[in-house]
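As written, the chain order gives the labels A, B and C, with residue 1 at the start of each chain.
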Amino acid sequence: MERGAMLRIRKLSVQFGSGEEAVEALKNVNLEVRSGTITALIGESGSGKSAAALSVFGLLDRSGRVTAGEVWLDDTDLLRLKPSELRKRRGKDMAMIFQDPVNALNPVLTIGRQMIETIRGHQRVSRQEARRIAVEQLARVGLPEPDKQLGRYPFQMSGGMCQRVMIALALVSGARLLIADEPTTALDVTIQAQILQELYRLSRQDGIGTLLITHDLSVVAEIADYVYVMKKGRIVETGHVLDIFERPGHEYTKQLMESRCLRVNPAKETAMRQGG
Amino acid sequence: MKKQAENAWQKAFFWIGASIVGGAVLIGLFAPYLMPSDPYLIRLDIRLSPPSLAYPLGTDPMGRCVLSRLIAGTRTSLFYSVLVLGAVLLISVPIGLLAGYAGGRTDHMIMRVIDMVLAFPSLILSLAIAGLLGPSLPNLLLAFVLVWWAGYARIVRGLVLQIKEMDYIRAARACGTSHWQMVLRHIIRNAARPMLVLASLEIGSILLSISGLSFLGLGAQPPIPEWGVMLNDSRAYMQTAPRLMLFPGLAIMTVVTGFNLLGEGLRSADRRGVR
Amino acid sequence: MLLRCYKNSYSEWGSVMMIKYAVQRLLQAIPVLFGISLISFGLIRVTPGDPAEIMLRSDGIQPSPEAVAAIRAQLGLDEPLFMQYGRWLWRVLHLDMGISFSSGHSVAEELLSRFPATLYLAASAVVILLILALPVGIASAMFRGGWIDRISRAAVIISAAMPGYWLGLLLIYYGAVKVRWFPVTGMDGYSSVLLPAFTLSFGMAGTYVRLIRTGLIDALGQNYILSARARGLRETVVIGSHALRNALLPVITLFGIHFSHLLGGAVIVETIFAWPGIGKYAVDAIFAKDYRVIQGYVLFMAVVVVTVNLLVDIGYKMLDPRIRLGSSA
């Protein structure tokens, strides 16, 4: 199911602050995500991974600026688009899910309300139709009793369920690119596995191209196809996940691998990889 | 860089406020020397005259020099506002301290009383007390003190509760500090600064309220030169001498702004950990 | 739009917790009401002089020693204080607050008949307050550090320092005398409420601008806003539907206190604009030394404030689904 690259980030440089206090968050970053695959962007906290994701969406913090580079989504450079154009693509062509799913949902609105709002924001459908789509989507991500969930509030759901809702919300308008920023960090270990399984299924079955941002190597080992290693805003190594794990090239990558003392050869042990 | 601009603004505001307040205090202190005429001297022959050399702001309906009355009013307003503030603090701080520190039933009882007093709109209660006692400045001040102590006491109590939870208090207690020492040395010292900030912010309100009820006729009685009273007097002459409305109100607004700026400046300095 | 936002909430409001909470608050209010009545009762003792003499004077009768003695007996002034209180409370609960000396009518009747005018004034002031503060507050939050933010900060300082009575006078002068757009005083026609309501709201406008601004900035910093933007929602929807809703909740909680200030401010505004409300009535009563009216007024206003606070409390709990439905998963 692999096709050409959907997302191509070329020579992206991002700066925060100005004048003397300027910090270079990203420097000359090159990155590709192909549809139907899961590409991991790994690095420590503060290495600039989230900044990369937010730059794609044009949602950098007020103090952040793109100083150079291009971000190609299929055949459009997102950075050259007008803000209103970019907004139209968000959700429709590209989607993002975040770290703490319960907080990423508006606490005073029902799930249904937020889903219908998103659906109707991108398509001209009636409220009933939007409701139907919402139920469908929630079922698609594996939520039990989807029509009941529509009436519930985020605080009434577990972290895992909320993350599923987030995935549904993200993909409901037909996005092919999904950026997942630390999607499992705030979840219990057992739930982590479920969510990762969900992401894996989406990439293989529905052809979604996923950029998985994480600091957790075990997550990478579970589902990623390609890996980019980021240190202090620069990509220091990239390659197929098996290569990276067996033969890490860069010093930093080696350090990352070594700091994981639990599993000797994670690639061999992951059931997912064998299942395919 | 933006932060520096912000700080500059805040500092500027603070100094503007401080100079206004300083100026007002000076005017109040040296009032007798600054006034061009006697603020009480009634001269019906020159009533409502426009500004002139002898009377820079003109004369009021009783022929008194407006400028002199304004200056004298500074003294009145400032003095009585500070008096009220002082009295309120004198009552509310010990009560708040007691409630916060003692906790338990004492706290509970005190809070009940405070809640009861606070259930009344403060202006209305002061109005009623002042009205029942009889319209005069001392009665007004008493009315304010009787009403305003409650809100303050509650704030002091809140502060004490906060401070009580801090680690250094526990450390002090572990060292066997007596209650008195605890209160005096630790709690008051830490509560003093936020209280100071609050007090400076509140003087403005007190001033406004005193002038407000005097405007209604319940506070300072003529012939005392008070800004609120002067405003009230000007009402009848809105058509003929509208300038009379201008100056007392301007004076009130300026001084209150000065106090507010001062208070705000202190508050942000406190937040930034200055001094 | 705002009501439609909360429509979802109402479909589930029959929660047991809510009813429990409402009852709880009601019960809590009772000791406060009790205390209010105590204070109101005690208030009249504050007046210097013999209460019996005062009573006679305020009824327009010259106090001769016999009359005083008679009154003392009649009012039971020689009885222990708590019995007098009990008697008074009993009458008040039957809505008998005595007779106003200046008008001869029942105090309760006079108060109740004038209250709607004050309510009308206060409500208009709230509307104007929102019209003024919401746009400025929202703009200040959205464009932090921009020119609107700076202006709003200056405006806050000015609105807090400007004496309401002065503003009122200025407005009357310019609005009614010079330009003749508005009636000078009194309540007739729709435009007559504008000047007084504006004066009343102005003092609080600054506070509300800052409140809205802070609340909105807080809300905008939350993750769900980022998430909403990432979904491609229009900015108007993000701010209007998501951010504001969360930002305004805390503002609503403060409304109870602000309403109290509003009622206080109304006294002055009503006096300046000769607005036939309850505040003006009270001030007139003070000068007429109509003590029963003053007492009734104070009691009445306090009860109103407590009631409003109660409603705001319960209403707020209903609007926030987290509180309304409890944290049951």
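Observations on the structure shown:
Basically, contacts are C-beta pairs under 8 Å (C-beta built on N, C-alpha and C of every residue); 3 or more make two chains touch, one makes a residue touch a chain.
Keep in mind the model is a prediction, meaning the values are calculated, not measured.
With centres defined by CA atoms alone, the chain at the far end from chain B is A.
Inter-chain contacts peak for the pair B-C, counting C-beta pairs in contact.
Taking the mean of each chain's C-alpha atoms, the chain whose centre lies closest to the overall C-alpha mean is C.
In whole angstrom, the spacing between the mean C-alpha positions of chain B and chain C is 23.
Averaged C-alpha coordinates give centres for chain A and chain B that are 57 Å from one another.
Inter-chain spacing, taken between the CA centroids of chain A and chain C, is 50 Å.
Interface residues of chain A, counted against chain C in their complex, comprise 57, 59, 87-92, 95-100, 103-110, 113, 117-118, 121-122, 153, 155-158, 166, 169-170, 173. Those residues of chain C that touch chain B in the shared complex are 31-32, 35-36, 38-39, 43-44, 46-48, 145, 157-158, 160-166, 169-170, 172-173, 177, 260-261, 263-265, 267-268, 271-272, 282-283, 285-287, 291, 294-295, 297-298, 301-302, 305-306.
Contacts from chain B toward chain C in the complex involve residues 2, 112-113, 115-117, 119-125, 127-129, 131-135, 204, 208, 211-212, 215-218, 228, 231, 234-235, 238-239, 242, 245, 248-249, 252-254, 256-257, 260-261, 264. Chain C contributes residues 8, 222-224, 226-235, 237, 241-242, 245-246, 249, 319-322, 325, 327-329 to its touches with chain A in the complex.
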